[in-house]
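Below, each structure is written out as structure tokens.
Consider the two complexes below, in which chain A is the common component and chain B and chain C are the respective partners.
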Partner chain A sequence: MQSKLIRSIVYWVILSPLVVVILFPFGVMFVTAVRPRDELFVFPPTWWFSEFRWGNFAEMWVKTSFGQALLNSVYVSVMSTLLALALSIPAAYALSRYRFPGKGAYRTFLLMTQMMSPIVLVLGLFRLMVALGMVNNLNSLVLTYAAFNMAFTIWMLQSYFNTIPRDLEEAAWIDGATHFSSLIRIFLPLAVPAMAVTGIFSFINAWNEFVLALTMIRSSDDFTLPVQIYSQVAGRYQVEWHHVMAGTVLATVPVAIVFSWLQKYLIRGMALGAVK
Partner chain B sequence: MASVTIRNVEKVFGSIKVIHGVDIEVAEHEFVVLVGPSGCGKSTLLRMIAGLETISSGDIMIGERVVNKVPARDRDIAMVFQNYALYPHMNIFDNMGFSLKLRKRPKSEIDRKVMEAAETLNLRPYLQRSPAQLSGGQRQRVAMGRALVRDAQVFLFDEPLSNLDAKLRVTMRTEIKALHQRLKTTSVYVTHDQIEAMTMADRIVVMRDGRVEQVGAPLELYDRPGNLFVADFLGSPSMNFIEGNARRSDGAALLETANGSQIPLPENAPVVDGQPVVLGLRPEHLSLTDPEEGFAATVKVVEPTGANVEVFFDFAGQEVCAVFNERYPLVAGQKMAISWLPDKVHLFDGVSGQRLESE
Partner chain C sequence: MPALPAPNVHDGSEMTSFSGLKPLAMILPGLFLAMFIIGYPVADLAYTSLQEVSRFGKLQGFAGFANFAEVFSDPLFWSSLYRTAIWTVCVVAGTLLLSLPIAIMLNEDFYGRGLARVIIMLPWAISLTMTAVVWRWTLNGRSGLLNATLMDVGIIAEPIEWLAEAQLAFTVEILVGILVSIPFTTTIFLGGLSSMPQESYEASMVDGATRWDQFIHITLPLMKPFINIAIVLNVIYVFNSLPIIWVMTEGGPANGTDILVTYLYKLAFRFGQLGKAAAISLIMFGVLLAFTILYVMLVSRGDRQPEEVEEG
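The block that comes next holds the complex of A and B.
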């Protein structure tokens, strides 16, 4: 008992520098976000604020039309995640359960697409969206984000699907289930943890994406959050740093919500006890 | 309830043939055990009956119906898997009732049937638990229960006891046999354990390398194994084999081993002079005897099991195992004499391994 306590104290001491590295930017962001405007640039710099101003958030919300950008981001992230999952679940299932010609090549192909930086493809994608008439349309982002995430989601889902015993589906077929109903009633419920994890990754990727959003979206009404916040900094005579920081703090909130909602699935080892 | 007919069935995986034209008839109400070493194709054959594996050629019939192209769900069979394959996200009640639910039976009927099966298998207290909360033996029972509620035409068992510990395996073996005696459902049971095969089966099918070696009632196979493989496979400890060449002179037949020992064979033994022959002797048919009457043998190892004693002898230059019910005070190195009754001798051809039948 005693030694366990000592061990955890030691671990904390060793790991705490890392915590500082991660939390420091958040601290600066938050402190700056709640400062009065005239305390932004003072010399010598201060770490604290004279007055705690929640009002900054409200001001920022209105001035930067944060609400609209938030809605755009939520729409793009949710839709692209759903689309990616909807398409990669059947693909991963096929890769995991069936033998077909070119399976190895297909897997390698998926891996190779991950080695290419999206930036390289931006021009091509832009031309593609022009041809499809989808520039300045949020759905162009839904499509491209889903496409970029799918290689990862398929790969991830497949390796999890491989761990779900085939016997369970076979037992369901013998019990009288069609392939479809065994998929819905037996297989997918067991794959929920994998879908949650890939969903989180896909959502966060879409949420943070910047370059494509900057390229595809022209009008500020359709800006997603990263672009909207960026537009508060770039090409301006005067940067309202406290608003920028308030925006970034708020932008991290949805990710935190999604993560805490889905994380319980991460640790729920549902396939335990299925087979010996 | 229905019979199962397997007619000249073959299975090919890619370019490898794993089942070579197998014919098996399982009569209605019969309990047939497919037994053989791992890789002999017994599980593949069972999965073909279940519809989980396609049939490369030949026919499988359940009752009068050829089911080659019938999907598993329409074959009206129930199967117990080696690793139970319980649905981990459902409780025990739902696991057992799943098949009825899929068939859209009324809730009252599902309740009644699941309760009946739970009663039979002593699972009443566990119906609301999840499979993860049960012990291995209980999970095994649930897997059985899932088959029971079905009233299926045929039960298939794929090594259902191999994940249990030795003691539980014996208990479940008896339970399954008792259950079959009560329900009389046609059953095909796959195992690599010859004791399970011997104790449970109405008839045993011994398989090797995708072929049927011999079919018959357990004791029939034990007493008259058709070839060396079957003789070796059934029985524990397994049969002793003494290799040598047959000698015939003046009507008397004997076996000459590599070290020059001579062992008399029954006079009517169907052997010709010079024929390579394998003499088979069950360990329990050997007995200790007076040095004048028996054959010299040296004790190598003594292994008491409690119920009896297994003694390994050095006999005619080969190792021979004997099982005695008496607790003889034997020690390693002791020179003894052993003998056997002539009618307990099995003779096999040394080349083909086939049984040599006395006229």
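The block that comes next holds the complex of A and C.
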């Protein structure tokens, strides 16, 4: 007991510089978001401020058309996640349950596309969307996010599907159920948690994506949140930092909470599948 | 592995007759989308890189390797390449050096471990863009709260312009890069540590080994595959990472913090030099492919034993 206490103190002391550096920007974010505007550029700089201006959030919402960007982000993240899941669930099931020719090559293909970064292809992707007439169209992001996320979702789903015992399905076949009905009635209900977790991570990936959104979307009505907040900062002479920070608080905190809550599933899925 | 169950009857009869076309039909729709969205741009980049391209994106005819020649004679390409190497090596090395001890601590039982885990994983939950935006304000040369803090504590007397000078800005960006890479890397290491055989530690304790001996002779060798994977994955992610540098300095001042991706992005979408940008994209694609193949080799080496048993 004694040694655990000592170890706890030593570890926290060692970790404390990192903890401070991680929490520092969160402090900055909150303190700036609720600051009165005329206390932003004080000199010498100080953490102190005279009052909590919760009105900053409402003001920011209207002035930066935050609501529209939020809707755009929700649309793109939900649609790309649904598309990725719709295509990944059968693929992951096939990987987990069947042998088929080219399975090894397919797994290699998945691993490789998982590593493929949009930024290296961004010019080609832009030209593709020009050719399809989809520049400035949120669906261009739905398609690309789904395509780039799919390798990850298939891996995650497959590694979870492998943990669902085949015996249950096989027992149903013996009882005369068709493969299709055993899939629907027995397998899918057991797989719901895996699909939910995978879907949420796919959602977060899409929610946080920057480069493609910056490239494909040109008009501010169609900006997603990261681009909308970036546009408040980039190339402006006067940046309304209290609005920017209020925006980052609203855009990041809910997602961060969900992520922290579900992180152990991500770690488990990675341990089971992708990183073995 | 003797403990694994023999393939059951259904695997022999129903599964094979069943598994001819159906599994292929199940993977094909997704495969088509991925091939299209990833394959088309690669082909298009390869084609464009060999064309002369006007400022308005019109292809003007075959140009051979002129775009590549232009890239290789461009001093900004070489300085960006050099900085990409520094950026990648520093961020990856810094991340690994910090993440291994962090993972070892988080793997042990101590008061508040759950909280420590959540805090250390926090940067992973936030998009790089938002992190970079917040740091840009935190580091503001006049009113940034980092200056406020350092002045309050008495470390500096005058505010520092963190992002105004390239060398300092680049150093700060590397530090932010390390910070955001720690959670993922720590996660990989935690996965590795949780599979460590406890007996070897206990045995070595009996033999009077110190914790340092244990680290050098047991932990490090057993962790080697995980360290390899962490290195390769981090190299891939960091080498490609645009948001931190783009949001904090846009590669400036005076191209002083440009790495290949920021330079490529400027060429393509600011300066309209599509041929050159396509050539750089292809070069980067080649590098990425090389590291990806390395990763696939590492992963399939680690995964072979159970896989062979399962698939016969």
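Note that the second predicted complex is superposed on the first by the 229 of 276 C-alpha atoms of A that agree within 3 Å, B and C clash if a C-alpha of one lies under 4 Å from a C-alpha of the other, contacts with A are read in each partner's own complex, and residues count from 1 in each chain.
We take it that a contact is a pair of C-beta atoms (placed from the backbone, for glycine too) under 8 Å apart; a residue touches a chain by one contact, two chains touch by 3 or more.
Source: prediction; values computed, not measured.
Q: Who does A:Glu170 touch here: chain B (first), chain C (second), both, or neither?
A: In the superposed model, A:Glu170 contacts both chain B and chain C.
Q: Of the partners chain B and chain C, which touch A:Thr113 in the superposed model: first, second, both, neither?
A: second
Q: Of the two partner chains, chain B (first) and chain C (second), which one does A:Leu190 touch, if any: first, second, both, or neither?
A: first
Q: Is A:Ala105 touching the first partner chain B, the second partner chain C, both, or neither of them?
A: It touches nothing on chain B or chain C.
Q: For the three-chain arrangement built by superposition, which of chain B and chain C touches the greater number of chain A residues?
A: Greater contact footprint in residues on chain A: C.
Q: Touching A:Tyr11, do we find chain B (first), chain C (second), both, or neither?
A: Second partner only.
Q: If I apply the document's touch criterion, which positions on chain A are contacted by chain B in one structure and by chain C in the other?
A: Dual-contact residues (chain A): 170, 173, 270-271, 274-276.
Q: Would you tell me which residues of chain A are touching chain B in their complex?
A: For this pair, the touching residues of chain A are 165, 167-168, 170-178, 181, 186, 189-190, 270-276.
Q: In their complex, what parts of chain A are in touch with chain C?
A: 4-5, 7-8, 11-12, 14-15, 18-19, 21-29, 31-32, 40-47, 87-88, 90-91, 93-95, 97-103, 106, 108-109, 111-113, 115-117, 119-128, 130, 143-144, 146-148, 150-151, 154, 170, 173, 179, 204, 207-211, 215, 226, 229-230, 233-234, 239, 241, 244-245, 248, 251-252, 255-256, 259-260, 263, 266-267, 270-271, 274-276
Q: What part of chain B is in contact with chain A in the complex they form?
A: Residues in contact with chain A: 50-52, 71-73, 75, 77-79, 81, 83-89, 98-99, 102-103, 130-134, 136, 139, 146, 150, 163.
Q: Across the complex, what residues on chain C touch chain A?
A: 8, 10, 14-16, 18-20, 22-24, 26-27, 29-31, 33-34, 36-38, 40-45, 48, 57, 98, 101-102, 105, 108-112, 116, 118-131, 133-138, 140, 142-149, 151-152, 159, 179, 182, 187-188, 190-191, 194, 226, 229, 233, 236-237, 240, 242-243, 247, 250, 261, 264-265, 268-269, 274, 277-278, 281, 284-285, 288-289, 291-293, 295-296, 299-300, 302-303, 311
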